[in-house]
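Across the two complexes that follow, subunit A remains constant while its partner is subunit B and subsequently subunit C.
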Partner chain A sequence: MSIQTPAPAPITATGTQPRNHDGQAIAITVFSTIKLWGRVFLPVLFFVTRRIPKLTGTLRQLSFIHFARWTVIGKLPYNGPPQKKGRFRYPHMYFESNFNGGWEEYIDAFSHILTDGMTAFWGSSYGFPKPLPTAPFKRYIQDNETEADHYYCAYPEATSTMIQRSLELDKKLVALKRDARRMDPDAFAAAYRRFLTDAQNAL
Partner chain B sequence: MASPNVSGQAYAFMAMTPVMPGEEQPLAEYLRGLRARGPSPLARLARTHLARFVIVPDFKNDPTWKQRHEEHLDLNYLIFTSNLDGDLDSYLDELCEKLAPEAKEIWGRCVGCPESAEGAALKTYLRHNQIDTGIFFAAYGEATVATVRKALREREKMIAFAIRAQGMAPAALHEAFLAEFIGAQ
Partner chain C sequence: MASVQIDLGDIQGDILRAYGNDYDNTTYAFVKIECPPEQARAWFHGVVDHVTTAETWPPGEKPLTTLNVAVTAPGLRALGVSEDVVGSFSREFRAGMSSRSELLGDVGPSDPNSWEPGLGTGDAHVLLTINAKQAADHQRALGKMKEAMDAVGGLRIVYQEDTELLPGAREHFGYSDGFAQPAIEGASDDKARGGGVPLKDGKWRALAAGEFILGYPDEDTRVDPKKRLPNAPAAPLGRSGTYMVWRKLYQDIALWRRVMRDAAKLYEGGDEHLLSAKVVGRWTNGAPLVKYPDEEPRGYDPKTAEDVNDFRYDGDVDGMRCPLGAHIRRSNPRDALAAVAGPKGVIGFDGHLSFRHRMIRRGMPYGRVLPEGVTEDDGVDRGLVFVSFQGSISRQFEGVQVQWLNAGNIFGLGHDKDFLLGDPHGTGKMTIQGKPPFFLAPQEVFVRTRGGEYLFVPGMTALAALADGTAG
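The block that comes next holds the complex of A and B.
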């Protein structure tokens, strides 16, 4: 049985469905079917990527991502009938991302900045059209995306950039607070000015 | 060897459970209606950064992809993923206790879920249906939800203070800073 969706919900200003939102946070959920060679290639790619953190460094450039994950599923745990037992004929890749901003901008940034990484991760998926040009790739993601039924963010008002800057600021502020007590007013005023200069990008 | 589910102190949990035939629509309506009934029940799990419920009806098949065989899911599947703080074991304990009112409406509609849909039995069920992550990326994986919220609050406070403190003489600035950031602690 498929789930009835009487009328498609309107796309929001950020380019995705309303249930994929919680405040600033946006959910993307994509399944793709992997060609048989991906069954060997992707676990090796994941293994290498986990061991060489530099490989995920480019992801950090996309400062609007909170959390993302890729998972290859070859079989599902068995829970008894009416579920069928056994492996899938093809492995399937689950991708989810939690980000902020606009859906189109997100896919654009992924395509332009992570071109090689995208090809490595999705190159073994059926129907993958390459990351560039972006229009066919966006269609591919849209076609394979499933809207969340419920999505939750613990800090919906905050963007990922805001969080990362706040955490940086907090470290600096802790040091200033620690030193403030034992400083005289002039020394504190100088330290405060240095703090503001140093932390201005985080404010 | 580090778990593929871990990045920093953050843990990526995923459970994929088969939905009982006939329960697809009621489950979807229940999950979609959670917002209308008040704050998300996931807010009760203080270690949850971001989480989602997604019902997947089937895999996509497209004849232009030259896939030799079509592949379909045997049933609809409910995916629950959470990006959480710390260890999974104690998180699932919290989930099974604090989400008890909702769990029966959610996983209680899934094949193999224990009748009570709570406590140790639900934890075992979720563990059984856990799927390990291949790659987990966390932009601030060292920070807990509490740390993030505190940092956001401190930033707001600092911005307000910086505006207020403009032009203050050193003695007044020092006193105001201590009162704002030390005195309240």
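The block that comes next holds the complex of A and C.
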């Protein structure tokens, strides 16, 4: 069999600034200023969501989202002049996420599926318009989004779904290879078909 | 919202409701304006007088021919519309289809450099669409159109496509086409089941009119306490208009037949008919595979069958009936996106990830049918003139083309593209889920883009303003 050169991966990382994507992946970085009550509320929210993973199950079911991370920050690490030392007057929310697909579709998923979660995480930020309707929410994110200076992705042509599936496939393939040594041709044919059936959504 | 009254008299025809299959002949003529705007508007005035609207005709009074008008961004300028007003149109419309070729996958054999002359170059200004019941009426209407242009002068048809309905409203691959359409509030509420948004507990609802007709509430307005309307061009152009996508898609029928014939030799029971249906997601007569997975039901008529669109994918999360990569499942995944089968049933998101990516399709096949059984190309140009109407080209048409047809990730299909449309790089495949699955490979280029334009279809008031030079 000849080895084919892989075709260029499709263009799917749409709707964002050029420096925010690498291959199939998009990075999003959003800063927002938090109202005083958020200072009390957000740490509790973070604590609870970490303790009860079920609360973020939906987020994890959306496999095109690699991760989403919310952090409250009071100051920036000091990098030397001209940066001024000291804390912010208000704490800020630092939101980072990596995902596959288009920027619009990603925010739509937040608006329509993670509606309550978005309100919980961003509700204490100044100017937050609610996740629905989507148009003002998108404008809000855009207004507070910072373009990355440099975004790097180790496997730019792969998506997180593809990587997850490949890992599943690998396990099954290793098992098949291991067991195959003890099989006669008929048994192998049957095992191979079982493997295909079992692993078809990773092939 | 349910009480939205649509002003049918202000909307051009064939958008909200199809004119119907009794119009067998359709001509698309792209006109370039080579004269000053005042002169062009004199001609435009005459055209506008004959435009058919969305109002229904009394029984028996359907006209012999219909006329509709759309404009490109260069067309707006040629009619004298100011840069400010042109700037109020969407970015992708202003950029034009050919400038988005890489995004759309119009590369290799579909590259705009090899498109039909007159398309994708900025020369196509005004699109006249003429429908006719009979060839003779059609010729008469075309004659009148040309006379009117010659009378004014400085107007030239840079590209013309004459199309004709194929027997049984089929497209060239042999599939019944065009009946799956979005259900729209105030226009086609009765089609909500299957045509609308899949909701919890098996319910459906029609889509807000503004998803397709500007100046009306859209799905975002529905959840907006302030009831803001979707982005639209500056008044009066923004009211009752819609964005139109026009694409000439060549179909290589001989290649399709050879590939499916050869692949079927390896497929269970050698069933080519089933294998091809798996690629589309429907049998040739339109019956959906989710409902009829094993056999094509006899005497099925997609125009009258109750269940032709009334289905979801929640009973088929793994694609055993209708493959995950079937054309209709990709182009309108309904409730299938990110749904997973768990021990307690399917956990999905109903239509939440798909409902904002719907489009009205009004395509027409062009070119002579390749006689049945022929598997060598006869050199005839044939395919589909793909036409879609939507409130946002980027969200609706491009979203579907880019994220769902040209890429497979959202369906868990890696980089596999829609098999029916093909892959210019020939490295893709299609998995036909089964026990065991079947792999259709290599993926050929069955469909090539031969040209296309992004257009705007103004409402009647807007057309009059364009003709009068009062559109701003």
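Operating definition for what follows: the second predicted complex is superposed on the first by the 178 of 203 C-alpha atoms of A that agree within 3 Å, B and C clash if a C-alpha of one lies under 4 Å from a C-alpha of the other, contacts with A are read in each partner's own complex, and residues count from 1 in each chain.
The rule is short, and it goes like this: a contact is a pair of C-beta atoms (placed from the backbone, for glycine too) under 8 Å apart; a residue touches a chain by one contact, two chains touch by 3 or more.
Since the model is a prediction, treat every value here as computed from it, not as a measurement.
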| item | value |
| --- | --- |
| Room on subunit A for both subunit B and subunit C (clash or fit) | fit |
| Partner chain(s) touched by A:Lys84 [first = subunit B, second = subunit C, both, neither] | first |
| Which of subunit B and subunit C A:Ala175 touches, first, second, both or neither | neither |
| Partner chain in contact with A:Leu196 - subunit B first, subunit C second, else both or neither | both |
| Which superposed partner A:Phe46 touches (first subunit B, second subunit C, both, neither) | first |
| First, second, both or neither for A:Trp70, with subunit B first and subunit C second | first |
| Per-residue contact with subunit A, leading partner among subunit C and subunit B | B |
| Subunit B versus subunit C as contact partner of A:Arg19, first or second or both or neither | first |
| Partner chain in contact with A:Met162 - subunit B first, subunit C second, else both or neither | both |
| After fitting on chain A: smallest Cα gap, subunit B-subunit C, Å | 6 |
| Overlap of the subunit B and subunit C footprints on subunit A, listed as residue numbers | 4, 63, 157, 162, 165, 196, 203 |
| Residues of subunit A that touch subunit C when the two form their complex | 4, 6-12, 14-15, 24, 61-64, 100-102, 104-105, 108-109, 112-113, 132-135, 157, 159, 161-162, 165, 193-194, 196-197, 200-201, 203 |
| Complex contacts: residues of subunit A adjacent to subunit B | 1-4, 19, 22, 25, 27, 29, 31-33, 42-43, 46, 49-50, 56, 59-60, 63, 65-73, 76-77, 79-84, 88-90, 92, 94, 96, 98, 126-127, 143-144, 146-155, 157-158, 160, 162-167, 169-170, 173, 177, 180-181, 183-186, 188-189, 192, 196, 199, 202-203 |
| Subunit C residues touching subunit A - in the complex, by the definition given at the top | 102-103, 105, 220-221, 223-224, 228, 230-231, 318, 324, 338, 340, 347, 349, 352-353, 356, 394-395, 398-399, 402-403, 406-407, 409-410, 412, 414-415, 417, 423, 425-428, 431, 433-437, 439 |
| Subunit B to subunit A touching residues, read off their complex | 2, 4, 10, 12, 14, 16-18, 20-22, 24-25, 28, 31-32, 34-35, 40, 42-43, 48-62, 64-67, 69, 71, 74-77, 79, 81, 83, 110-113, 128-140, 143, 145, 147-152, 154-155, 158-159, 162, 165, 170-171, 173-175, 177-178, 181-182 |
